[in-house]
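Next come two complexes built around chain A: one with chain B, the other with chain C.
Let's turn to the complex of A and B:
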């Protein structure tokens, strides 16, 4: 920490107070954003923090002026938070910021238009980031992390303020412009990030319900960047619920409308969209996998193209940890049935080349031999079981002649394509 | 052994609140220009008619050889 004289400290604090009150008076949102972005570690905020730690009694400064004392409570908490943040006392920093945020949101409710919406976004972001840092500090001290969870509750409260129908209608009628409710999607996305990090994704349900069914929201009004983020997270939830057509719609939206320069985000979308598309019988081109460094999917795609069950198993094993972490392992494992279908089709085509008259009869014994070649050991009963499943799921059209141990394929379209629909639908 | 266990617990605790795939924040003040070309391009990176009748690849050739040994054995 640099040395700061009392005089200089006084000057810096007063300057900040003037900027803050000025920003509020002139509804200067970008300025307010800058004044609140702790995690940006801007030189001006850091030098303010140093000044506060030297001066120690900023409250007296605030009290001296009516202009400042109007926001006395907000500023006191803010300063306390910044001081703690500067000296690396992150739990204290979070707690003080929580108090600041509560007070700030109360003021925000009273301000007419939504001029301070972006500043509110900054506050929400800082709540989450500070909570994460606080939890790291807690765990490194052998204590139980609980601040991120608290942040989730606080963000829910903020969401509630933005979704408050009384506020919305009242202010909409009076002032018309810039309703606050369009901020709700940003807060929702901060909530998603919080819940995903905590692993409590079930808590997403209530906000999603509010966004998608409450009549005060018009989904089209939300800014595109928030819609992209929203679709990404709700798309991921659909993947977890194995609701593939919905996942496809949402993740595809995110992909198409994401800022093309943000390649890491695009890669994340694809990471979840690819298993979904594969489950719908659609495969990504190699260029796509190359461009976004998604090599873990290459062998999976090859396995599906060829009907190579051994390659699929190998691919799942090779990247097991990665697939498990992202939660797509089960989705990819279920592709096995589609790979079986492709293999059966290959066997059928090969048989047609040498003996077209009898090609539509697949002997279980022949299938077993092909499987053994692919290092899958099954007796005829097990093969029969697999074939029954394939028929049941409409991946194979035909019937099982149990006594003769043969699958008799339909003469027409024995291996129906998925055509963008999930298996068995 | 005890040290090992402690290390794993710590690892688990740190891992506790992780999401490998947290979406990066978009800048609040800037919206990006949507390029129609780019939107379309992304859409064209998928194939839905890959499921053809072509058996000229290596895998199919090897499969065919494998199947032929069955019929050969039978004769």
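Let's turn to the complex of A and C:
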């Protein structure tokens, strides 16, 4: 921390106060954003923090002027947060910022229009980031991290303010459109990020319900970037709940509308979209996997193409941690049945080449042998069981003559494609 | 430097951290020695320390004696108006708020341990039908849990208590199956509900104050029960999809024998592989795991019958003997299962009992909780191994 004289500290604080009040008076949103972005670590904010730590009694400065004291509460909390942030007391910084945010949101409600929406975005962003930092500090001191959870509640409150139907109605009447509600999607996305990080994903449900059922929201109004993020998170929720058609729709939307230059984001979307597509029988090209560095899926895709059950199991084991953490492990495990189907098809094709007249009869013994080549030991009872399931789920068309220990395939289309529908249950 | 004057124009009168609007919600029990408790923070709930030295607070016992509200187990020499401190056990009652509770009504940990020991000793009582025994222990263990939670206790001894209570619910589940009566099915339902609640609390306590990479002695087994309760994604017993739940497990939990076992079961279940499901259960399940798997064993068996009926060649009816081996059941039980599924069985010309296939009358059997034995597993000996 640099040395600052009393006089200089006084000057810096007053300058900030003037800028803040000026921004509010002239509805200068970009200025206000700059004044609130702690985590940007801008030199001016850092030097302000140093000044505050030297001066110690900024509240008196605020009270001296009517212009400043109008926002006394907001500024006092903001200053305290900045001071704590500067000296590395992140828990204190978060707590004070929470108070600031509460007070700020109250003011925001009173302002006539949504001029400060961008600034509110900044506040929401900072809430989450500061909470994450605070939790790191708590964990490193052996305490339980709980600030991110509190941040979730706070963001929920902000969301409530923006989604407030009365507020929206009021603005609709006065101004024809309530631009404030447009911010709801941004806040929602911050909420999603928070909940996903906390693991309390079920809390997203009530938020989603507000967005999707309330006819106040005209989805088209929302900025594209927010829509992509929204679809990404709700798509991931569908993956957790294994609603594959819905997951496909949402994640595909996100992919289509995502800025092609944002490769990191595209990779994130694909990470979840690929298992979904695989479950629907759609296999991505290797080039796609290579371009976005999704090598963990390469063996999975290969196993599906070749009917190689051993390779699938091996791929799942190799990347077990990664797949479990992202929540796609169970989805990939279920691909086993499709791999079996592919294997059966291969056996059928080979048989057709050597003995076309009897190709449509798959002896259980032959299947067991094929599995043994793949180093999978299965007795005939289990082979019969697998074939029974494949036929029942319409991955194989035909019937099982158990006495003769043979599967008789239908002459037409014995291995129906999934055609974009998940395996029948 | 100006001194801060009294009567500040700022409405919050902010001084230090005392007026933080941050409220800490303690849905997770924490040790009372947690440094986060700042003395001046009015939003903090301070936890009661119980002082009741017997299994039932004196004033409750006296009241219930007067009102003749004593369970058969609490009556001294069968007298419905007289109990004793050796027999009376505090009843569960929904308290409206922690503020209404007095320390003299709450039992400290050693008393709770003694209480639970006593309650569980009644499980072998032959004097009364099991439903009555279950009902009493069900209610009184719920009260034990209540006392634990009001005092916000969380330690290895507490973990042991919760684990014993989970075991009670599981064993009850098995024994209620041989009981009859109109209320059995609702008893079963309530029992499963409390089982889920006890497990949830137990998991929270495992997580609290956890040392990194440490898992408790029985934690892997008790965590595995969650998976078994959620094999079917559409029945959200405890609410969270499994994919999400697995994300939170530590690496050594995931690699534990018990978790690997249930994950194998999960894979078989989701792929419909009834052979592997039944075989794995028979060879690797612990007592608790087996009991919780029973509804799914039943489900897999009905599913197998459905598939076989659907898929097999009509001119080759499926021998029941074969079916019973595949489903690891007694032949008589298979017959019963087929009937439950609305399917007929026949005796063929060689005198073998067979299931004709492609019957159109198949229907999923009703949700029952009675189960057929799993051949290949000795359930009672498993129970002895575990205890």
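Following the convention adopted for this analysis, the second predicted complex is superposed on the first by the 422 of 425 C-alpha atoms of A that agree within 3 Å, B and C clash if a C-alpha of one lies under 4 Å from a C-alpha of the other, contacts with A are read in each partner's own complex, and residues count from 1 in each chain.
Operating definition for what follows: contacts are C-beta pairs under 8 Å (C-beta built on N, C-alpha and C of every residue); 3 or more make two chains touch, one makes a residue touch a chain.
These numbers come from a predicted model, not from an experiment.
Contact with chain C, but none with chain B, is seen for A:321 once the two complexes are overlaid on the shared chain. By the document's definition of touching, of the two partners only chain C reaches A:99; chain B does not. Legend: residue contacts after superposition of the two complexes on their common chain; A:263 is shown touching neither chain B nor chain C. Legend: residue contacts after superposition of the two complexes on their common chain; A:212 is shown touching neither chain B nor chain C. By the touch criterion defined above, A:375 lies against neither chain B nor chain C after alignment on the C-alpha atoms of chain A. By the touch criterion stated above, A:242 is placed in contact with chain C alone, chain B being left untouched. Residues 199, 325-326 of chain A lie at the contact with chain B in one complex and at the contact with chain C in the other.
Of all residues in chain A, only 30, 33, 118, 121-122, 125, 132, 135-136, 139, 145, 148, 189, 193, 196-199, 223-225, 228-229, 232-233, 236, 252, 255-257, 259-262, 264-265, 268, 271-272, 277, 281-285, 287-288, 305-308, 325-326, 342-343, 345-347, 349-351, 353-354, 365-366, 369-370, 373, 415, 417, 419-420 touch chain B in the complex they form.
Only residues 1-2, 4-5, 8-12, 14, 17, 20-22, 24, 28, 30, 34-36, 208, 233, 239-244, 246-249, 251, 254, 266-267, 270-276, 304, 306-308, 310-313, 316, 318, 322, 325-326 of chain C touch chain A when the two sit together in their complex. Put simply, chain B touches chain A in their complex at residues 10, 13-14, 16-26, 28-29, 31-32, 34-35, 38-39, 42-43, 45-48, 50-51, 53, 55, 57, 59-60, 62-64, 66-68, 70-71. Put simply, chain A touches chain C in their complex at residues 56-57, 59-60, 62-63, 69, 72-73, 76-77, 80, 92, 95, 98-99, 102, 143-144, 146, 150, 199, 201-202, 239-242, 320-321, 324-331, 333-334, 336-337, 381-382, 385-386, 388-389, 391-393, 399-404, 408.
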